[in-house]
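Here the structure comes first, spelled out in structure tokens, and everything after it is commentary.
Order of writing sets the chain letters: A, B, C and D. Residues in each chain are counted from 1.
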């Protein structure tokens, strides 16, 4: 299939239409982004890569980093990880604290904020220098050392983390947070602040399309079973309260971030990354969703 | 792959272990079932079929019939169907009425009870004889006319339908139910009462593995896009509040019923049906879940 | 104290100000009321009575009738009544169905709709002709036989009772409704449709100001303890989700109805009734609340 | 009325019966209390005082101190206080965070934890030395300088304050907490740690029975209107999710604390305080509730 042609055509189609949604304003450092940035990158298992638009510009990957953190922790802890976080889709944000109460402090899945906070808490337990180790893990996956935290973004998020602090303290009241809430929040905000390009992102996620191995080194980052299971959680939980819609419209495992990035994985084949900062009402990139819906409609390729 | 061998081995393994869970007691007609019934049937797109155990015995398919009803209505209405029911996974049963309030009477998806009641309400609007038309649709899919409602089960369910009546009246207060609640409940209880064997079920679901076409007649029951989308909803919403777990452990679209049946679909390849009446805490067949988890572990085949 | 002077002055003050709020439109028969109707009636234990404005015009007492129904049932059943309905203030309407779930079908108090439906269900159990018996009870309290159901209003409410039907069916699923939901709803809608004047209402409620006895006949309608307890429930639960506000601003036990009526009781002394159809956001008469706040500010009399 | 005789008889009756409930174990410093402590003190507006049992032993007044804090803040801020906290009874603990979400960070009333945290936040804003000022306020009310914080109890509570920290951070995310959450929690835990005897407590609360004035000095602590309004909030909100029950059974404004204390106020007449450490399921002193129910049954005196 001529992916390059399809991508170019869909890109041209979408860039010609109105760009709806809005850039989130609760993180001042992110609010000043040029809202018409638009980049795509496609990388297959043979490292054939094709990009268009702003695909080599760095942006804040935000929640996409939760997938790296989960992979790192899952490989180290194995299935016992799931005693501290579940794998069920959540209802909407509104209910998240109710559900934490009903579920005795166990978050519904590792991609809602509460779940990612638990993953950060585990990183604090098992790592000597969690920030550095996680950054190194991502650099190795990408085969590129030019990946960093943005300290200004991290600091900005820490100053606006009262809801995360609420959840973290609430889970600690159930015993599901071990470290001090402040330390957990600090790590969490750093992970969210990582900056990558579409090109780096689509390459770094290839292990999830390749049965847990990085295609370049053939190193088994995650066991086959674990890689499949992370894809399964991505499909049911990767897009907040729009996960069902993404599964319905696009049909690929994926993850979005409020920085406007989306990564989608076609197992055995490729990863594709989109970046466009304006978000729809559910908090996912408006153009990112549109692009991927049209892209899989054109290719006819989905896991279903 | 030698599916017959794998199925036989996994079947033998599971039948040798303790059978946990319990048969639901709120429908008297179902409570008297022999709880050790256990049947499997596998059918591929070439109609190669293999069964083991009680695979030719009829059982109450219960919520599995919601997939047939959705397919029938979706093909007739097209995408405008989704103005009356969403495609997002629900939180647990506890929240269902809260969510209906928050979502102004629009159910989260067509497989929770509220969603299936809306589908039944649509059937009442668009069909002259909805019960007969739906039954005929299922018979055609199965190429077998020996499929019936169990009137005793339907009557038994109608006498225990106060929660469904509550939801139906609640949605009507928002204008999302058009017919009289009693008529909607009566149709709903009939659909739940349909009886089929594992063999019939695995054959009848082939259209979802075959891009919307029945393999025997090549008739397009649903468009390719619609078939994929139903698979997507099955993956995110097919197992009540255990949908994430089924996706995680089994990795195939599927649907369960409180009669103890489970259908799973491997797109492009086959359908497999399991029946074992004892249910786990989340309301899904205990042995059905175990069998399918072990089966996909052995085959290594999932959509992820 | 010169109540007549205070009432006249506060009445004049309020009628000179803008009349905010709106008449509810979900009951067509009520929506056509003249929204500037405004009447007050004061009656003390010696039957000194003073009225102003539209105090002799009948209006739909709606939820105020719940107090009569509760009194009638409480006297007959005694304290065992409270196994089927609690005496705690409810959170807002939004949560009512959640609370019914958490409380296993036991309504929070007899003045929310769910609680009044249980009271109606009990009336169906213990009365031969519940509608007639209840009407007679109210006529006896008022010493006036010219009190009737408005059948048009009752019919109108029955056609818009889907939420009440939802709650009734939901409670029946927990076993806390014994009769058929339709019969319960029919009785409930009739009780709501009773029409009385401010003058009749303030007289009929004197038993709650008079230790359970009707002042005219000295008949003990309710024991002293039961009368005090109904006043206590009125104070904590009589104004939907504005009960705390009414207790805070007015400081008297009372009950409102969506017909725009409010009854307030000053134990050992008097009853005062206000009618003005436009309701505030919480569903209580806008002018009724304003009048009573100003009235108790002027008299300095409250139970606190 | 011979209050002394009634108190002595009811005391004798209750001490002769089994003492149900349990001492809370989440605050280690409180868990080691002798659970059979039982004291009563009655003080009327002429300072006639009568005590029985352990009425001169200090105990941790816990949430009872919220009434002092509210009085102090209300007098200083006036009605604008209510823009930051409402006066409605709350549903149960389960819903508190949901309600904070629905109400945009405004707690339902000043006696639930969220509301008391807002009051503490205001104390931090308006006082130079809030701990010392509040303590002095209570000492002046009691005319007794031997009232102190228990620093061990305060420290113990601070180490178990994760739920309060969760609520505090959550409200801060809505802008309804101005100071740092840690500072708010520190003040809150100190207020809870105040120790007083039944005798001190019943005297200190006389201003609420005396139209806002301390009987000894005739000083107007609160305006008449404010004093009545605090009594109104005590009646609807003073006993957590058992406020309706206390109003129903006892019929007096009052406040309980998890240290086992209860204060009840009969406006224009007296205050009565009970202390017994074992709590019922709703968190109120088991014997305290029983005593007051029987006491008002014997006296026949309630506000209703």
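Observations on the structure shown:
Definition applied: contacts are C-beta pairs under 8 Å (C-beta built on N, C-alpha and C of every residue); 3 or more make two chains touch, one makes a residue touch a chain.
For each chain, UniProt lists the protein as follows: A, B, C, D = Glutaminase.
This one's a predicted model, so the numbers in the text were calculated from it and none came from an experiment.
At the far end from chain B, in terms of centres built from Cα atoms, lies D. Mean C-alpha positions place chain A and chain D at a centre distance of 48 Å.
Centre-to-centre separation of chain B and chain D, using mean CA positions: 55 Å. Here the CA centre of chain C is 32 Å from the CA centre of chain D.
The multi-chain contact residues of chain C, meaning those touching 2 or more other chains, are 94-95, 98. Arrangement of the chains shown, judged by which pairs touch: one closed cycle in which each chain has exactly two touching partners.
Interface residues of chain C facing chain B in the complex, by the touch rule stated above, are 94-95, 97-98, 101, 162-163, 165-170, 172-173, 181.
Listing the residues of chain B that touch chain A in their complex gives 86-92, 94-95, 98-99, 102, 108-109, 224-225, 227-229, 231-233, 235-237, 241-245, 247-248, 251, 253, 267, 297, 300, 302-304.
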